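In the two complexes below, subunit A is the common chain; its partner is subunit B in one and subunit C in the other.
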Partner chain A sequence: MSIEYAPLAADADVVLGEVAGMIREVLEEYEPEDLEIGMATRFGEDLEFESIDLVAMADHLNARYGEVVNFAEYLASMELDEIIELSVGQLVEYIVACLRAVEGG
Partner chain B sequence: MAKFLANGVRHHVQRLPARQDSPGPAPVVVFVHGVFIDTLASFYFTLAPAFAAAGCEVITYDLRGHGKSERPPSGYRIDDFVTDLDALLDEMGVTAPVHLVGNSFGGTVAFGHAVRRPDRVASLTVIESGPATRAWTEIMAGALYKVTVEPDQAMAWFTTEFGRTVANLTPPQQAHLERLARAATRLMETTSIVLDIPTSTTVDDEALRAVRTPVLLLVGGGGLVSDETDRLQALLPRSRTVVMPGYKHAVLVEAPHQVGEATLAWIREQHAAATPAPEEVETG
Partner chain C sequence: MSRFLLVVPPLVGHINPLVGVAAELVERGHEVAWVGVPELVRGLSGEHATVFPADAGDVTKVRDRPAGLRGMAALRVLWTDLLVPMADFMAPGVRAAIEEFVPDVMVCDQQAMAGGLLAELLGLPWATSASTPTELTTEYLPGVESWIAEQVDGLRERIGDPKSKIDPRFSPDLVLAFTTQALTGSDIEVGEQVRFVGPSIGARPLVADFPWERLDPARRKVLISLGTANPAAVERFLTVSAEAALARSSQLQAVIVDPSGALGEPGDNVIVRPKVPQLSLLPHLDAVVCHAGHNTVCESLWHGLPLVVAPIRDDQGDVASKVVEAGAGIRLRFTRATDRHVGDAIDRVLNEQSYHEAAQRIQRSFRAAGGSVAAAEHLERLSRKQHAVASG
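And now, the complex of A and B:
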């Protein structure tokens, strides 16, 4: 099921809500119990994301934000430990920065 | 998430279009990941974005049983994976010869494809890998035997064995490895993969001498295949070896920039050699 989105906004609270929705879609097949997803939530340790789940996440991000947000390139710039320990907040901040760059440009 | 039905199995595919124009057709690069704990993520988050940015059409996919591809109960011999790859290229409408880049087991699949369909493979890059020789099947049989006699120890065995392939294993990586080992255990418990891999059809020396495809052998200094590499280079008529000192079998994830630079330079060289210069096209 696809999600209906409002127009793009470079607002951390809005982006967090959108990202949390995408995470729930990615994890749907694992039937997780009630998930608390906040800025401090970590993809690996807290959400039990495997690396292939981050690829699924990239698909959702691409569908929502298009080429403005290049998640694959963002992760490719990191060390392996940083990818494993990535938090939802880091991703939200990256997305907000990308959206602001487009607004400003 | 793009899925393609190839050889009766639904495969998860990720394509990254070339983000830079090149004179003439862009090289098509297909990344093939390793077995058990691996998925296309190993390439998607390392080499793939840089290759797309450098003007390559990038294709990467999850092997059957892995990642987000379907996990059929049987059909895990090298030949099955080669048929999957061949059918996948058909399904995606890829007609130009491709540059195959395979990591570990993925390199063995890529080798199999170059042997079966030399017309379809412009170049081969194998990272810590080699063809499915008789020696290879014996090593795989030996490694997987422990899993067949003690299936309840499979996960512990995986984390230990794969932990040894990494030169510098950090605590976050150890935790991640345990998550990946769970996926590997699911694959071994629900399919015939452990029995199938060691009974794959083998490639003999004569077949290797006949491989006309240019091959780059990329090996970690302390990896699993360094002993075999000299022999392999002597057999293959058009091959080159690059050694990455200080790294082991997991060189792709530990040194993605070095692996990427060596691989991209090799593919550019092979692509240029196989593509007529623009002037020749105009005057011809």
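And now, the complex of A and C:
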């Protein structure tokens, strides 16, 4: 839980880097050596995230973005099939949209 | 005297808790019959059990799901390939059994939804048997909750009372939860009809020989068992577990349940068996490594043993979290744990006193909860209450 962040930026590449860092924190000592995290990486099938990992992810997102990004609300809006297929890219795009909404005032 | 009809799926872990309850009800002078797969029920409950047959369809497809199918994807398949078709398959058998046996009260396993649906339709009092606490305590995401509700609604249209709003997984009158709040946590909110009776652990027949003479009193002993899940999924985890045990041969003995025989004979301190008489073995052990199946977890804690849990899917992730939150064990990632993860976790649960203390605290709560006797008393109360309503 010791990630150092730059100021918030509504930029997909920057956000992807931040989200990938959080995922590595969640996987911790179980992180596979060859793990690559890209926009197409899926939380379920590729990362084998379990329910408790999504809870940990929510904590990381909250620590970084505060109330700007409501991950619990985002998950609550999804159908079962969407939860199963959720990708890193979808989360990144959601975060970028939230950040832009705040920037736009 | 009352007549109790027990509705069960062809799943060992769901029949076992009711075996002790059935014996207790008979002991108290009641009449008990089962609906399910007769060979399986009689194998667990005894040759003299009255069992009305109910075709449950093919359950092996879901039991043998590949290792990679986990999480919410596994939940979807559990419902579409097992729970829903099983209810449709079982409904005619359950209905025939009700007509022939004419029960006063039905006791329906949470996964045998045909039971609750037909009890509601026919206006019979019924109780739920929750062999695992997961459905009681899990807060699903709204999208998951509404998808499950759609599946239940479909079943209710086909085999239940379409006008009813009752969930066939939760009797409005009595839900028997075969655990205690020492394990589930006391801060969870459950309905007021839920009764925590603790595990119902009876004297089950010895199902396997065991080389008792090989157990060494000078070394500490762990059981490593991933239950009856499919062999391909468990082979990797068993292999790294055997390596962890071999590296500790001077102070540790491991008994590994290896249904497929993939391990061979790794070494003197590793006893590999296709199956073991688990309840007879547990009193000789110091810790258990398992997949967080609710039966194995409860049987281990019943003996006050700390756990290392590597959940595969379904309710196991939830049960594993409860074990960790109660302080009675360590959680590993099933598909990624190496010999180092398994070995470190075994060392810690054996050597750090807090795991023993938590396991023993749960053990005391289990033994005080009443088990099958308490369950039978609740069922008698439900029967009397219904009788009073009917005649009053």
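Here is the rule we use: the second predicted complex is superposed on the first by the 102 of 105 C-alpha atoms of A that agree within 3 Å, B and C clash if a C-alpha of one lies under 4 Å from a C-alpha of the other, contacts with A are read in each partner's own complex, and residues count from 1 in each chain.
The criterion applied here is as follows: a contact is a pair of C-beta atoms (placed from the backbone, for glycine too) under 8 Å apart; a residue touches a chain by one contact, two chains touch by 3 or more.
The structure presented is a predicted model; accordingly, all values stated were derived computationally and were not measured.
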Practice prompt. Using the superposition on chain A described above, determine whether A:70 touches subunit B (first), subunit C (second), both, or neither.
Written response: first
Worksheet item: Is A:58 touching the first partner subunit B, the second partner subunit C, both, or neither of them?
Response: first
Practice prompt. With the two complexes superposed on chain A, say which partner A:50 touches: subunit B (first), subunit C (second), both, or neither.
Written response: both
Worksheet entry | Partner chain in contact with A:35 - subunit B first, subunit C second, else both or neither | neither
Item to complete: Look at A:80 in the shared chain and tell me whether it touches subunit B only, subunit C only, both, or neither; answer first, second, both or neither.
Response: both
Worksheet item: First (subunit B), second (subunit C), both or neither: which does A:101 touch?
Response: neither
Fill in: Contacts on subunit A seen with subunit B and repeated with subunit C across the two complexes
44-45, 48, 50-52, 75-76, 80-81, 83-84
Fill in: subunit A partner contacts - residues on subunit C that touch it in the complex
68, 70-73, 75-76, 141-144, 147, 311, 317-318, 321, 333, 335-337, 341
Worksheet entry | subunit B residues within the subunit A interface of the complex | 1, 14, 16, 39-42, 44-46, 48-50, 53, 62, 67-68, 170, 172-173, 175-176, 179-180, 183, 253-254, 256
Worksheet entry | Residue ranges of subunit A touching subunit B (in the complex, touch as defined) | 44-45, 48, 50-52, 54-56, 58-59, 70, 72-73, 75-76, 80-81, 83-85
Discussion item. So in the complex, the part of subunit A that touches subunit C is made up of which residues?
Written reply: 29-30, 32, 44-45, 48-52, 75-84
